[in-house]
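Both complexes below contain chain A, partnered by chain B and then by chain C.
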Partner chain A sequence: MGNYGFIVHYFLSNVLKDEIIDPPKITSKTLELGSKYSPDFVCTPFKYTLGTLIESLECGSDILIQMGGGCRYGYYHELQSQILKDLGYKFKLINLINGGNHIKLKKLIKDYNLHIRYYRLPKYYLIAKTMVKYLDSIESYVRKNRCYEKEKGSFNNLEEKMINEFKSCHSYFKLRKIYQKYLKKFKSLQLIKPKQEIKVGIIGELYTIMEPYANYNLEQKLNDKGISLIRFTNVSYLLYEKKRKVKKFLKNLKLKYRMGADALDNIYHTKYLCENDYDGIIHIKSSFCTPEILIMPIIEDIASKYEVPILFFSMDMNTSETGFETRLEAFCDMLEMRKK
Partner chain B sequence: MKDCYLGIDIGSISTKAVILDEENKVLSSCYIETSGSPVDAVKKALKIVRVPNDYVLKGIGTTGSARKLIGLMVGANVVKNEITAHAIGTLTYYPDARTILEIGGQDSKIILINNGVITDYAMNTLCAAGTGAFLSSQAKRIGVDINDFGKMALNSNNPVKIAARCTVFAESDLVHKSQLGYKKEDIIAGLCRSVVLNYLNNLCKGKRLEKPIIFQGGVSKNQGVRKYFNEILKADVIVDDNSHLMGAIGVAVLAHRQATNKIYNLDIENIKFETKGYECNGCSNNCEVVRIYKDNHLIDSFGNKCQN
Partner chain C sequence: MNKVIVGIPRGIFYYYDGVFWNSFFYSLNVRTIISPKTNKEIINLGLLSSPDEMCLSMKIYLGHIKYLEDKVDYILIPRIDRFDDYNQTCTNFLAIYQYVLHFSSIKILNYNIDNHHTLKDGAFKIGKELGFSRCEIIEAYKYALKRHQEYLRKKIFEQEQIISNNHKKVLIVSHAYNIHDEYLGGNILKILKDNQIDVLYSNYFDEQKANVKALELSPNLYWKYSRDAIGSISFVPNIDGIIFFSTFPCGLDSLVNELVIRKIHKPYLNIIIDDSTSITGLETRIESFVDLLEN
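Here is the complex of A and B:
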């Protein structure tokens, strides 16, 4: 998902002696494979992950690791492992968020004779955790400023270089140095700011929002049109901040219940974007994502109160990219016209 | 010599071209069928619309689903999506318009405007049950010419109810109703009514339709649909004489606004345009890359998902 794959690989390859197989990058073949064996009305992340699992199994892996939870996603690994077993694959699927408790993990390690270098665990856990944090902070800077870049592609090239340096770094302090070095480099990239900056917030379901393949590279496309972006959902938000913030959201919105997954967060963020003079909001979700469907009327209502335009996208393998682009283009034109 | 501007709207069903003068008056226009071949349709259209003798062409704009291809072909200075084009076109003639209903061949849109600025829009995402293609296929089915379709609907006093949530179900409902022996007029009126209801249910949910309401697109020429819009919205829906050309007019206006001093000519008749698609096997994305050749020279290619 997004650029995070390399961090998981980095962590596992340094902690385990066993061979780690990276899943191939998500392509249309992944989705085709996934949809073929999925129930039709399940949400798209199920199809993407199932496709990825099949592709990884074909590459020869026998232990699959999945992270997912929050909504019905939490049960997906059960269903997916059943589907894969029916297809005749032999493997072990671990879900790290639901049901990945210590005893099970220990048994698994024993069963498969995994070679864990326990002494390395704390160090690499810390490094990987920090890496996620740094990557997210750089990416949100990129999202905000890439649209003003003077030399096309300069942000993307620099980010790629940074990731390569991250991969070969083996110390916490060195990592921090690399991060600071690149942060400086990013800040010194030349920008041309237009008179009128257009700022748009992206909210929605976490998988679709974070995987560029699933949202047709929405962020890059908007940046290319000269629109500065903000996105709240990223891995460090989900893992470390969400728990703490949810209480604040409930209090702020005077709500009693959460609605599952990121529904509550998105309502709060809609309000935040409206109150902080953002020019527009784009809400993306995968088709059949229940929590997000539930909140659509609510956020539409909030946005119309503040007169902030909001655009909804529902992503599926049946979504036509042409239609998507037409709507997006019209949305950008509209924001520009409103600004004038 | 006076300046003029060309706008071409290449839709799924029809191709529209207009030439506007400096004051946005239509000098020449045409409306022909695309028949699945936008390149040929545009060539044909450009034979019909002519730049008048004492005018020079200072800008070209393209819109509609084939805007990219035709934009390349004629060397347009503006290539815009149809939503913006329709809004701009309408605002040129009706500066105080608040709501634009547009029903075209394959899609339908609603555009809300406040103080001359688009504030909201929607485009059908699900089904073609509320569009022109549906009406024309059903007209063929009952054996009525699409041009008489609207007039026949006006003769009915008792429109049948047709479940038009989805084209396929609408069609089976229609067959059922005609097997029961309903009059043709009543069925046609029912179809027109179902298009309106479907449009309102699908696109206008939760939107306030302020007056004046302007109705355009090919289907706006259908009196039956017009009548039911008036009836259901309880408003006088305005239909311009050029309502079917509004997209082309809009993009011509945009071409005017962004015009440079370049002078264009329309001699593309004898130039051969060819589109070749090939499947790139660089990765498992297998992108369908489209390459456009002008007289066997590659002028552009698109469709790739990666940077290469």
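Here is the complex of A and C:
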């Protein structure tokens, strides 16, 4: 999912003595494999993850770890492990969100004789956690300013360099130094700002929004058209900030109850974007995502009250990239015309 | 005492605690209107007032609400989040109240079931909103609960009698709001009856026992109503065939039914219905399934 893979690899490779296999990058083959074996009207992340699981099993892994909860995500692993068993693979799949984690992990370690360097755990846990935080803050800066870059590709190259340096870093303070160094570098990159800046907010379902393959590289495409982006959903938001903010959302929206998964957050963010003079909103989700379907009319209603244009995408394996691009281009042209 | 009219939409939640609320309001002497059985008009109302991709059952529920809107003073719309962390429900169940609240101006009688609130709290909340005293509410609650349990016991008893006879039997695994809705499930039941086959419903089994039995099939399942449904499968070991019945695109059934189908080794039929499913096609599928059972 996005760039987070290297952090998980970094954490596990430093804590475990065993070999760790990175899943291959998601391609159209992954999706094809996944949808071949999954039920008809399940949401698309199921197909992506199943495809990835099959590919990593073929690379020779024994233990697969999955995290997720909230809506259907928490139940993925049970059906997926049944499907994979029926295909004849031998493995162990665990889900780490639905409670009982300590017991599950202890049993796993015993069963598979894993070699864990316990003394390293706290240190690397801290480093990995801060790494996620730093990566997210850098990425949101990139998203906001990449569209104005003078030299094409300078932001992407710098980010790649930063990730490479993150990988070889083994101390908390050194990590902080690297982060500060790169933040300065990012800020000193030359920008050409046009007279009228177009700002667009991206909201939606968490997997589709964070995995570049699943949304056809939406962010890069919009940045190339000179549109500055803001996105609220990222891993550090989901893991650490979300819980704290629910009460604030409810109070602000004058609602009584939460609405499941990211639904409430998306309504709040729509309102936030409308009130802070953003020029447009893009809502992106995988098809059949139940919580998002129900709130789409509400989001549309709020946006039309503030007269902010909004574009809905529902991504499936059959969504054609050309059709996607056409709609996106039309939306961007419309935003530009509105500005004039 | 001013006479208020409370509307109860005949969809989703009605099939779980409709009897309870009906007798609760009866005991309090409040006039209620239950929307008629689902028909073409209600479905069309529902299709107009809901997003395209929503599941058919929810569209029908919204249609019932729309139908009642100008006929009553209050509409009863619950919000069922979870009974505890291992007994959750579909995300639509917990968001639909907020959805109606956003788009409709009618007064809503709402109760909430989650980790800290039960049906009893809901009854007190609604009784208070309608202006009844504590004593009256307690009496009505007790009466309603008794009626609800009596109803369930009767249904379970009827089902046990069917199990003990020697006819050909089919178990229908489905959410209560799908199979008992005459527009959705009526055709299937009729075709089965024409072929002299007895029908067992997955929601008329002892809940607690079904919950335990469901763990054999799926140890990590955390949706209560799905667990009740698949728990029924282990109750009747010598069943002739199983029909899985769901609406398009139900989020829970897409995963749970697929898992169960992979685990059981019995004749089954998986029916997924949407608003344009043809009855003739359905008839052919069920009849060929029945033929299979008889051979």
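Everything that follows uses one rule, which is that the second predicted complex is superposed on the first by the 338 of 340 C-alpha atoms of A that agree within 3 Å, B and C clash if a C-alpha of one lies under 4 Å from a C-alpha of the other, contacts with A are read in each partner's own complex, and residues count from 1 in each chain.
One rule holds for everything that comes next: a contact is a pair of C-beta atoms (placed from the backbone, for glycine too) under 8 Å apart; a residue touches a chain by one contact, two chains touch by 3 or more.
Values in this document were obtained by computation on a predicted structure and should not be read as measured data.
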Original post:
Fit or clash for chain B plus chain C once both are placed on chain A?
Top reply: fit
Subject >> Winner by number of chain A residues touched, once chain B and chain C are compared >> reply: C
Original post:
Between chain B (first) and chain C (second), which, if any, makes contact with A:280: first, second, both or neither?
Top reply: neither
**OP:** Report for A:45: first if it touches chain B alone, second if chain C alone, otherwise both or neither.
**Re:** neither
Original post:
Thinking of the overlay built on chain A, is A:83 touched by chain B (first), by chain C (second), by both, or by neither?
Top reply: second
Original post:
With the two structures laid over each other on chain A, which partner does A:27 touch: chain B (first), chain C (second), both, or neither?
Top reply: first
**OP:** Name the contact category of A:204: first (chain B only), second (chain C only), both, or neither.
**Re:** neither
Original post:
How wide is the angle at the Cα centre of chain A, looking out to the Cα centres of chain B and chain C, in steps of 10 degrees?
Top reply: 80
Original post:
Which of the two partners, first being chain B and second being chain C, lies in contact with A:337: first, second, both, or neither?
Top reply: first
Original post:
So, A:314: does it touch chain B (first), chain C (second), both, or neither?
Top reply: both
**OP:** Tell me which partner A:297 touches in the superposition: chain B (first), chain C (second), both or neither.
**Re:** both
Original post:
Between chain B and chain C, what is the shortest CA distance in the superposition, whole Å?
Top reply: 9
Subject >> Overlap of the chain B and chain C footprints on chain A, listed as residue numbers >> reply: 297, 314
Subject >> Touching residues (chain side chain C, partner chain A) in the complex >> reply: 50-51, 53-55, 58, 79, 81, 85, 90-92, 94-99, 102-103, 112, 218-223, 248-252, 254-259, 262-263, 272
**OP:** Please give the residue numbers of chain A that touch chain C in the complex, ascending.
**Re:** 39-43, 46, 71-72, 74-79, 82-83, 86, 95, 98-99, 255-261, 263, 287-288, 290-291, 293-298, 301, 314
Original post:
For chain B, which residues are in contact with chain A within the complex?
Top reply: 65, 80-84, 117-121, 123, 125, 206, 283-286, 305
Original post:
What does chain A use to touch chain B in their complex?
Top reply: 24-25, 27-30, 217, 297, 300, 307, 309, 314, 322-323, 325-327, 329-330, 333-334, 337-338, 340
